[in-house]
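Here come two complexes built around chain A, the first alongside chain B, the second alongside chain C.
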Partner chain A sequence: MIKLERASTTLAPYGWQLLPMRFHHLDADSAILTNMVGEHVFVTPDELVAVVDGSCVDQEVLARLRAAHLIQIPGETLPAELLAIKLRTKMRGLSDSTALHIFVVTLRCEHTCRYCQVSRQSSAKSEFDMTEETARRALELAFRSPSPRLKIEFQGGEPLLNFPLVRWITDEAKRMNSSHGKDLAFVIATNLALLDDEILDFCADEGVHISTSLDGPQELHNGNRRRPGQDSWQQAVAGIRRVQDRLGQDRVSALMTTTEASLAQASEIIDSYAELGLRGVFLRPISPYGFALRGRGGANYDVSRWLDFYATGLGRIVELNRQGVPMVEIYASIIAKKMLTNTDPGYVDLASPAGIGIGALVYNYDGGIYASDEGRMLAEMGDHTFKLGNVHDASYADVMLSDGLLNPLMESLALSAPMCATCAFETYCGADPVFHHATAGDFIGHKALSAFCQRNMGVFTLLLRMMRDDPYFRKLMRRWAQSC
Partner chain B sequence: MSAVEDVSGAGAGEIIVIFDQATVDLDALQRSAYAVAADMTVDIRLRGMDYVCTLFACHSGADDKLKHRFRAEVNDQILRARIAKETEPLRNLVFALAFSQTGLVSAGGADEPGAEDVAAPEAET
Partner chain C sequence: MLKLTGRTETTGFASPVTDDVWRACAPGESAAAGTLACLVPAGERPTAGYGLYLIREARAPALPGPAILLGPDLAHIESGDIIHVAADGRRVTVLWKNSALHNGLLLTEQCDNYCLMCSQPPKDRDDSWLFHRARRVISLLPEGARSLSLTGGEPTLRADALIGLLEHCQQVAPRLSLHLLSNGRRFADPEFTRRYAAVGIADIMVGIPVYAPEPGLHDFIVQALGAFDETIHGILNLASLGQSVEIRVVIQRHTVPALVGLATFIARNLPFVGQVALMGLEMTGLARPNSALVWADPVDYQRELVEAVDILTTAGISTRIYNHQLCVLDRTLWPYAVRSISDWKNDYLEICQSCSVRDACGGVFTTSGNRLSQHLRPVR
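So, the complex of A and B:
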């Protein structure tokens, strides 16, 4: 038998070359080093300086850094080639824009949620419904997208108030797709109050996914989401159970919005999802748009309070998993995919280039085309910065090459934004020009003063500390990375 | 990592930190001032061979805490600049390798429809 001699991997001081890396101090005794694609290694601050100085003698540290493409032996070419392949893999979705197409089929709604971001209308005013002609033009634009996958999401208002159009768009999209052959999916974002057997039959026949809102326990939910009879929670819970029974456990998902009243109830919110058999919770802060900004809109809390809420909620989810109840925190799972794999999850808010337009397009009831749902909300407040045209007179090229889309995309690119360019979390984070336009008046914002930056830095730091300190959580994050 | 001297109580509400120009780049100071804007604003002036940084707290707090925060940020920025300088050729190489094979850039160039609309970049001198 031939015994192969392994080449020595001991690195002498100054015997390595730095690869592009960025660092962030997690606490006084620990820093994280990330490479160009977000692979990371935990080191001490002294180890960080020693590695950059060339004086590090700890072979275990050097081996970890070399394995993560943070250092290389001079003359090596493979690390740069591997980084390039991984970078290209992460970016491959860019050439397949746009996958998500949101149809606002009506502005009418029978709820009056305190944090509602859209300009809801009385449920009797049918002039706020999308017409078939507008929907047809929007579908034609959607099918011009090079993406091999199209997800058509019906939003409102309450889209089930214009259910005949939901059915018409679904039929028409399938007819159009016979010549395109795209992977087509449909989602209805509904409060479920109007769910009936006809709609369930339709969802069953057409493979439609239901996305609903559940803010937590009854009192909290009904306090946030008001409707005649004050029974929004009862309607949502009954609807979730009906969908689960008829279509299957995984055909319905729910989103929550954090109001000030939610902050003290993180564990109760998680438990309310678990009791319904929902396997994912998205702990979302309130968005700074629309009615949410009013005094009673529920947005009266700062980032640090939300981060405490998030940490408590995440802790409860981990505890449930330890007890054998599988549950995912959706935001953490999106970040896990970005931290632990070379596949980008395509989440619009955490994308750079930003996800506006190239990740999602929104067709308003009146034919207005918006770069994102938040851009539409700004328009309802009188700011039309992110309106890209109208389906009745704009071509696909007009929309995708418009200054209204390209300017915010180019200006907000995180790789060239102050502070983002040198941030260790740049590959995990996003640009979000709509948020910064709404809060700072330009597409980049000042990241030291940005709530978006503060919130995401807080979440990244929390997740990384937990992964560093808890092998179970690191394993859980690896599992979550495969779930989205 | 950087030669630092500080003078406290230079004026009411002012906290002064002095850096030796020989060891600290102005760019690192400016980046640091940008990064700490939530806690303080910083006035940077050249005096002889020193950069004199006057810190103005955004909120009431301990002077020492602000000074440590600013110094730590300056040290980090110096380290970041050093890493960036040492790794810039490799960073450019990785980007070039990553995006040269996407199919977005045509090897045929001028033969492609619409290529005549794109002006050739002038060579840098």
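So, the complex of A and C:
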């Protein structure tokens, strides 16, 4: 009862053409092929060669490549049409620029963390506080953003040292939003040491999310995060519990910074998060800014040691999930979204075009406008490359159309950057003009020498190998892709 | 299982009745309507004025018009059911079973696909009368009729007839929930899709089969070169006009190895679809002669099915499993299983009697004969 034999719908050698594709050898016997929207197929190096030179006769391999829009029959239009739809979907967020607005309400802090990225100031000096007038002008700029969602993040220093302004900005933003109708969210980035009932009431009333720092177990955390009394960890843990009890389990998240002392304690760090019922861990490397660059800043480790740390920590998180403890590694979840969906996670540090300015704007305590938090830190060290103006005299157009923003955005675009343009992981990665400016002296850097490149290549290949080899991890990544 | 067609005896059928499609009604329901067939309760004297009377027992009292004696097989016919009566009155077919959740109207037996496992093999002959009959049924639908499937063959082959039928639906039964089964190829024509959308039916979904994530395998399964390209273009055209689409995947020997890839393809390329239905084989029609080519025992593809369902559901796509007996379905998949086998063709086996989940299970296709999973067993 067959009219059409199977052989008449299969591909003959030399019967296909290559669609835009890039590849990377993962191991001696495994390579990955990616298309322009990040769909990927694992093949053997021999299969890769046979597909490219046209001699492949393995219909199973060819069918997988056709399904992922990596090859097509000459004259077909559907693959390009579907790729275009997917690419458009991925890029959709670009027209809704700048969802994140960071308000540095004070530079003062009662902590003296070893790796602090901003110059600390003694808690008493109020000249490092943002004024209401500065905040009002910053809000006016923020509301000019086309994004239908606005997230206002209070940073410092320790923003709770200037809590009256936090409250004032929240009220003012809500008032202004009555005529804008944007989806408005607030985050306080705090070490929680100053948390009190008044602040908790405020967070409950206004739906504010708390983002805090937790470096891991007590000794590690307190070694990194110094404060009078050496009780930073105790304060953070007590604070996290209070927020969880009062506002709910998911209203507080924590970030960790990896110092050299952390490297041997990956599993212990993960477990300290699990014990607190925190469902997300962000295994971040230290940034090459601020005090971190000093000898005792904790940044004395290279990328390969950090990657070992990352792999160990990720392994522990997977193990916990297998045991029924739901936990997400946030960096992997951001990458999972890029690998497995058409939606860009909009994470400012792993985006191309870069996230500077169009992903986030930073308003410093003195009204200085910066393209990113790292750009502000460079300025504290005397490098004002990423300062886009001051809220007191710059218009929205001045800021967003400034050469100071557009040049680094255009120059660093991964799709056109040397070595990125041909990289199999370009769609998973991002451009980081601030990092490369700080470390290499230009917005692009030399990728063969770039720690950013080395680190991300390491993470991508690790995640892909794990997905290739472990169905459970594949399943976990699918869930993580939906979690961010 | 209900019999939907059966031989009947007649009384008073001196001349053929004028209409062939009737709705059964209780005595008293607007006798004026010429297309109502009065169900005469036992021992009662029927009201005059109906064009046709349906009786369940042979009896002496003269009836005021032509009557049909329904045998035991058709005794289930009740008020609200719509029947087709052969010109001589000797055969009655139920076209609309009012108490059933699923009712379908066959619009044509012609098709431009020739799927290896087609349960309703296409016939290349003029059957345009089916569209006329469907129109009559829709006109007669009882108040409160909720949903109707339009099937084939390929209902879009006669574009004008289908659009006309949909417009008729929109006019006489605007609140009806419609499900159109199509291979989707016709929708590759933007003008046809525009006309379809312009009918403006509020609740209509097209169920379109996609069997593979790439043309090579799909075109082989549907036995038509170029079908995949047209079908996917059709789905995209429908989506661009805001039309609701369901993707139907029949799981058979060739689709099993492609199932995970297909789920990935749908999640990535067609995530907007309203639903994906993963369907067990009905071993009837072409599936019988092609049995060796298409049969796959569900126990042998549970790993693929579990991963496919996980891929689809994590991507936020509503996913249903049809035509699978719970005893051969991985327990994690039970929440997705639907009692999908129409009540006129489902049945339970002897071994099902002691099964603890029998009532939640769709049973088996009576149409599949003996070609069933070798692993059916009662669940304790």
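Keep in mind that, in the parts below, the second predicted complex is superposed on the first by the 475 of 484 C-alpha atoms of A that agree within 3 Å, B and C clash if a C-alpha of one lies under 4 Å from a C-alpha of the other, contacts with A are read in each partner's own complex, and residues count from 1 in each chain.
As a convention for this text, a contact is a pair of C-beta atoms (placed from the backbone, for glycine too) under 8 Å apart; a residue touches a chain by one contact, two chains touch by 3 or more.
Quick caveat: nothing in here was measured; it's all calculated off a predicted structure.
J.: May I ask you to decide whether A:Lys387 touches chain B, chain C, both, or neither, giving the answer as first, second, both or neither?
T.: After superposing on A, A:Lys387 lies clear of both chain B and chain C.
J.: Which of the two partners, first being chain B and second being chain C, lies in contact with A:His111: first, second, both, or neither?
T.: neither
J.: May I ask you to decide whether A:Arg242 touches chain B, chain C, both, or neither, giving the answer as first, second, both or neither?
T.: After superposition on chain A, A:Arg242 lies in contact with neither partner.
J.: Of the partners chain B and chain C, which touch A:Pro20 in the superposed model: first, second, both, neither?
T.: first
J.: Give one of first, second, both or neither to describe whether A:Ala63 is in contact with chain B, with chain C, with both, or with none.
T.: The second partner, chain C, only.
J.: May I ask you to decide whether A:Arg479 touches chain B, chain C, both, or neither, giving the answer as first, second, both or neither?
T.: In the superposition, A:Arg479 contacts chain C only.
J.: So, does A:Glu81 touch the first partner chain B, the second partner chain C, both, or neither?
T.: Both partners, chain B and chain C.
J.: Classify the contacts of A:Met419 with the two partner chains as first (chain B alone), second (chain C alone), both, or neither.
T.: In the superposed model, A:Met419 contacts chain B only, not chain C.
J.: Residue by residue on chain A, keep only those touching chain B in one complex and chain C in the other, then list them.
T.: In chain A, residues 81, 85 are touched by chain B and also by chain C.
J.: Can you name the residues of chain A that touch chain C in the complex?
T.: 1-4, 6, 8-11, 39, 59-60, 62-64, 66-67, 73, 76, 78, 81-82, 85-86, 341-342, 471, 475, 478-479, 481-482
J.: For the complex, give me every residue of chain C touching chain A.
T.: Those in contact with chain A are residues 114, 116, 212-217, 219-220, 223-225, 229, 232-233, 236, 257-258, 261, 264-265, 267-269, 271, 286, 289-290, 293, 307, 310-311, 314-316.
J.: Give the list of chain A residues in touch with chain B in this complex.
T.: 17-23, 25, 36, 48-49, 52, 80-81, 83-85, 87-88, 91, 95, 418-419, 422, 446, 448-449
J.: Using the touch definition up top, name the residues of chain B that touch chain A in the complex.
T.: The contact residues of chain B facing chain A are 1, 31, 34-38, 76, 79-80, 82-84, 86-87, 90-91, 93-99, 101-104.
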